[in-house]
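Two complexes come next, and they have one chain in common, chain A, joined by chain B in the first and chain C in the second.
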Partner chain A sequence: MSVPLLEINDLQLSFATALGISRALRGVDLAVQRGVSVGLVGESGCGKTMTGRSVLGLLPPNARVSGRVLLDGIDLLALPVERLREIRGSRVAMIFQDPAAALNPVFSVGEQLSAVIRHHRVSLPGRELDKAAQLLAEVRLSDPERLLTRYPHQLSGGMQQRVMIAMALSASPELLIADEPTTSLDVTVQAQILDLLDELRRRRELAVLLITHNMDVVRRATQEVAVLYAGRVVEHGATHEVLGSPRHPYTQALLAALPRLGGRRQPLQAIAGSVPRGDEAIQGCVFASRCAYAMDICRDNPPRESGAEHSVWCWLYPS
Partner chain B sequence: MIQAAALEIRDLRVEYSAGGGLLRRPTPVRVLDGIDLIVKERETLGLVGESGSGKTTLLLSVLRLIPAASGQVRIAGEDVLTAPRDRLRWLRRRMQVVFQNPHSSLDPHLPVHELVAEPLRIHTRMTRPERLGRVTNLLDDVGLPSTFAKAFPHELSGGQAQRVAIARALALSPTLLLLDEPTSSLDVSVQAQVLNLLVDLQQELGLTYVFVSHDLSVVQHISDRIAVLHLGQIIELGPTERIFQSPEHPYTQALLAASLPAETSGAARHLRTKPRDRKGLPSDHARPGSQ
Partner chain C sequence: MISLVAIALIVLAAVFAPWLTPHEGAGGTGTPDLATAFGAPSLEHPFGTDDLGRDVFARVLFGARPSLVLGAVVVTLGMVIGTGLGAVAGFAGGWIDEIIMRFTDIILSFPALLLAILLAATLRPSLESAIVAISVTWWPWYTRLVRAQAVSIRERHYVLAARSLGASPLWVLWHHVLPNVLGPVRVQAALDLGAAILVGAALSFLGLGSQPPSPDWGRMVSDGRQYVLGGYWWLTVFPGAAIYVTALTFSFLGDGVQKASDPRARGMSS
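Take a look at the complex of A and B:
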């Protein structure tokens, strides 16, 4: 395998709060190759969004972060903020769940896109609107010139998200972090946006980190998937491998809890117990307290990675 | 024997007025356009459709929380839409609703035991000790230990709060439960718990469900029949298996195509669907959205 575009090693993130330290990430390991879409899945509070935000340094002031986030060999966590600012948008871009909240309601689409284009100096001065129209066409919006004069509230949710994608692509980033990009959209629109992201990935050789809680989205739009639980990646591999033959007990339980086509009226398998709280220190495996297969070693020692192509962090699979 | 109807909707029309100004007359926008629907006793009817299709409007107009332009909504033979006040009060005891987000539908100032007892206080003449006894039973029914009785909504997880909302809805022993995306705000492992609970309660209490959701796998899991709503009209209605195996309306086909993964590897497909169901999936030519 070639050197990954993005490599995250032992990423730890905690917040100093009035009640003590709250841990959001407990050592995330993750790699994203160029031209590959990697899904980052997990339930609420497991650290999906914080992993994505850590890459861009978009964290609250009380965050304490350690580990390494390498973009093409450069450690983003060690960069001074001015250098990081040069990377934001130009090499790594991000889109969010709610495009209506991410767009500014008082500026037209053309004004907002031009501002980004001007900031990154990716067109000749005075030609920003031409570049903006070109980007809107690339995200398959019809009649781009007319659209430039429109305001966000005049667009549907799907169109707004396409505008966000156009904005994210304006400086030709190498990595796109998409945080639940289709969660607020209807399924038919969701499918169109996912297909668009896939097309852009192929054409631009874009690396995509797709953050989602939805297994159908992962199945449809990613080549690889990393499963996150309580701030740690517990399994990572080709999407069809992980979803088809999950190895980690958490992944297995998560998939078993999904209602499946054809499995009607059979009771679903809920996962007993609850996710560890942020203030709990965990010695061993993060899933041990809810795991049906937990052994003594699981509670005392963090599991090591095993398996080369389809990795799993679990003592059931000794390396 | 003909199965009795728990809910009978005839030619229901709902309009909102929009675009009115100082001198301009508002133009009515038809949100529900001639809905005919019979929900049988003890069945679960899944109601699917995209945002703006009228799913929530349909539930709210059945409850008469918004006025209908015309039509009938019959429960136990009585029309909800024209019922006088005292009869409406009686009818509302028979139908209850559970909303999507329990943290916004439950009053944050009331502890759990008061939230669950409130319908009893308003609709019955139960004494306080009787109400408390009933609350304990209801919490037990939804799988919450009685220690939760004194908790406030913010102290509950999403799944626990939704159980409280269900207990409150069940307090008056309704026959019909309207469920508006009851698991959409929950994580899948918790969603599984709540769906299992709903199935158990239906069997124990003989409830009838109208289950609104945009998640087709959830609807397919829980429903006996499915109604597909599009632009205010029911465009397809049938048994769950039939809708999923051979959707007739092009819109239903597009909806299914968009929800089912575009490419499903053999291994992944094996996990999600048992082999005998595989041919039951719509074939590719029946899915206009997929290539």
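Take a look at the complex of A and C:
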């Protein structure tokens, strides 16, 4: 394996709140290769979004972060904010769940795109609108010239998300963090956006970190998937491997909980218990409290990574 | 629209006052002529003449000038200072926010009119002092309005999106916060023009505005007051009506601006 574009080691994140320290990430390990789309899945509150935002340093003021986030060998967590700002947009960009909220309602599409283009100086002065139209065409929006004069509320959700993608790609980043990019869209539009992301990934050698809770999205749009639970990655491997033969008890339970069409009628499987709260200290495996196979060692010692291509962090698979 | 036309008429009347009346006198003060003092409204003097025989119509026309200047300057100053401080406070948060807003609260804790009277009386009474005094009491309202807006805008996703694309705090302030607070500020400013003119009239009624002999609505009402019981109603009614109509017109303008400044409505019509 080549050196990954993005490598996250032991990323820990906690928030100082009035009630004490709340831990959001308990040591995330993750790697994303160039030109590969990696899905980051997990239940609500397991730290998916915070992992994505940590990469860009877009965290709330009360956040405390440790570990390493290496982009091409540069530790983003150690960078001063001015240097980090240069990386945002030009090397790493992000798109969000609700494109309607991510566009400023008082400016036209053309104005917003040109502002980003001008900021990153990716076109000749005065030619920003041409570049903007070109980007809109690249995200498969028809009649880009006319679109430039439109305001966000005049566009459909799918078009808004395409505009966001165009904006994110304007300075040709190497990594795109997509935080639930299709969650607020219709199912048919979801598929189109995912196809577009896949096309861009191949054409631009773009690395994508696709944050989602939807297994169908993972299956359709990623080559690798990392399963996050309570602020830790518990399993990481090729998408078809992880979804086809899940190794970690949490991944197995998560997949078993998906409703299926056809076949035998059976009650939906829920995972007993709930995700540990942020203020709970965890000695061993983060999933031990809900795991059907939990052993004594699971409660006392954090599991080590085992397996090279298809990694799992679980005592059932000794390294 | 109608209010816009009415305001245009008022402003034009103030600007072209010398051409609208033959009784200009020195600098619009009207020509004192005791022989014609207390003349009832007539063709020659449509609003009558005052205790010194000056044409009331001319003085009402010229009196629009200090009122309009005061309203415009007070609102502009209040808007610029208040918006700047409010945007910075709301956007920066933390101790900067605390300092700016506590200072704002201190000013707001004084009754505005009393503070203005106090300041105007402390300074040498003149139109300029009145403007300064009212401005000092005016900006905090904009600071509050803008800060509240800025705090909410700071949390919007498009700010997060802009930051994810490398925008600096200053850039976000200029491109996202200011344009989005300007809508409410514009409405407030239009509504405030009338209110500022009213306060200005109140100050000059108390003798704390522009000084005689220059014409001023507030002082004309004040001066004419002693003759009302003598039946000389036109000395107070016409300048009073001028104040009333102007304030009301600007208030209508504010409503109009409010309706017109909604970006959604603007988009529909394009």
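Everything that follows uses one rule, which is that the second predicted complex is superposed on the first by the 316 of 319 C-alpha atoms of A that agree within 3 Å, B and C clash if a C-alpha of one lies under 4 Å from a C-alpha of the other, contacts with A are read in each partner's own complex, and residues count from 1 in each chain.
Note that a contact is a pair of C-beta atoms (placed from the backbone, for glycine too) under 8 Å apart; a residue touches a chain by one contact, two chains touch by 3 or more.
All values reported here derive from a predicted model rather than from experimental measurement.
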item	value
Partner chain in contact with A:50 - chain B first, chain C second, else both or neither	neither
Which superposed partner A:213 touches (first chain B, second chain C, both, neither)	first
Which superposed partner A:244 touches (first chain B, second chain C, both, neither)	first
Which superposed partner A:105 touches (first chain B, second chain C, both, neither)	second
On chain A, the residue positions that both chain B and chain C contact, one per complex	none
Interfacial residue positions of chain A with respect to chain C in the complex	56, 58, 85-90, 93-96, 98, 101-107, 115-116, 119-120, 151, 153-154, 164, 167-168, 170-171, 177
Residue numbers on chain C that touch chain A, as the complex places them	156-158, 160-161, 163-168, 171, 175-176, 179-180, 183, 263-264, 267
For the chain B and chain A complex, residues of the former touching the latter	50-51, 157, 187-193, 195-196, 199, 214, 216-218, 220-222, 240, 244, 254-255, 257-268, 270-274, 276-277, 280-281, 289
Contacting residues of chain A [partner chain B, same complex]	43-44, 186-188, 190-191, 195, 213, 215-216, 219-220, 239-241, 243-245, 253-255, 257-265, 267-271, 274
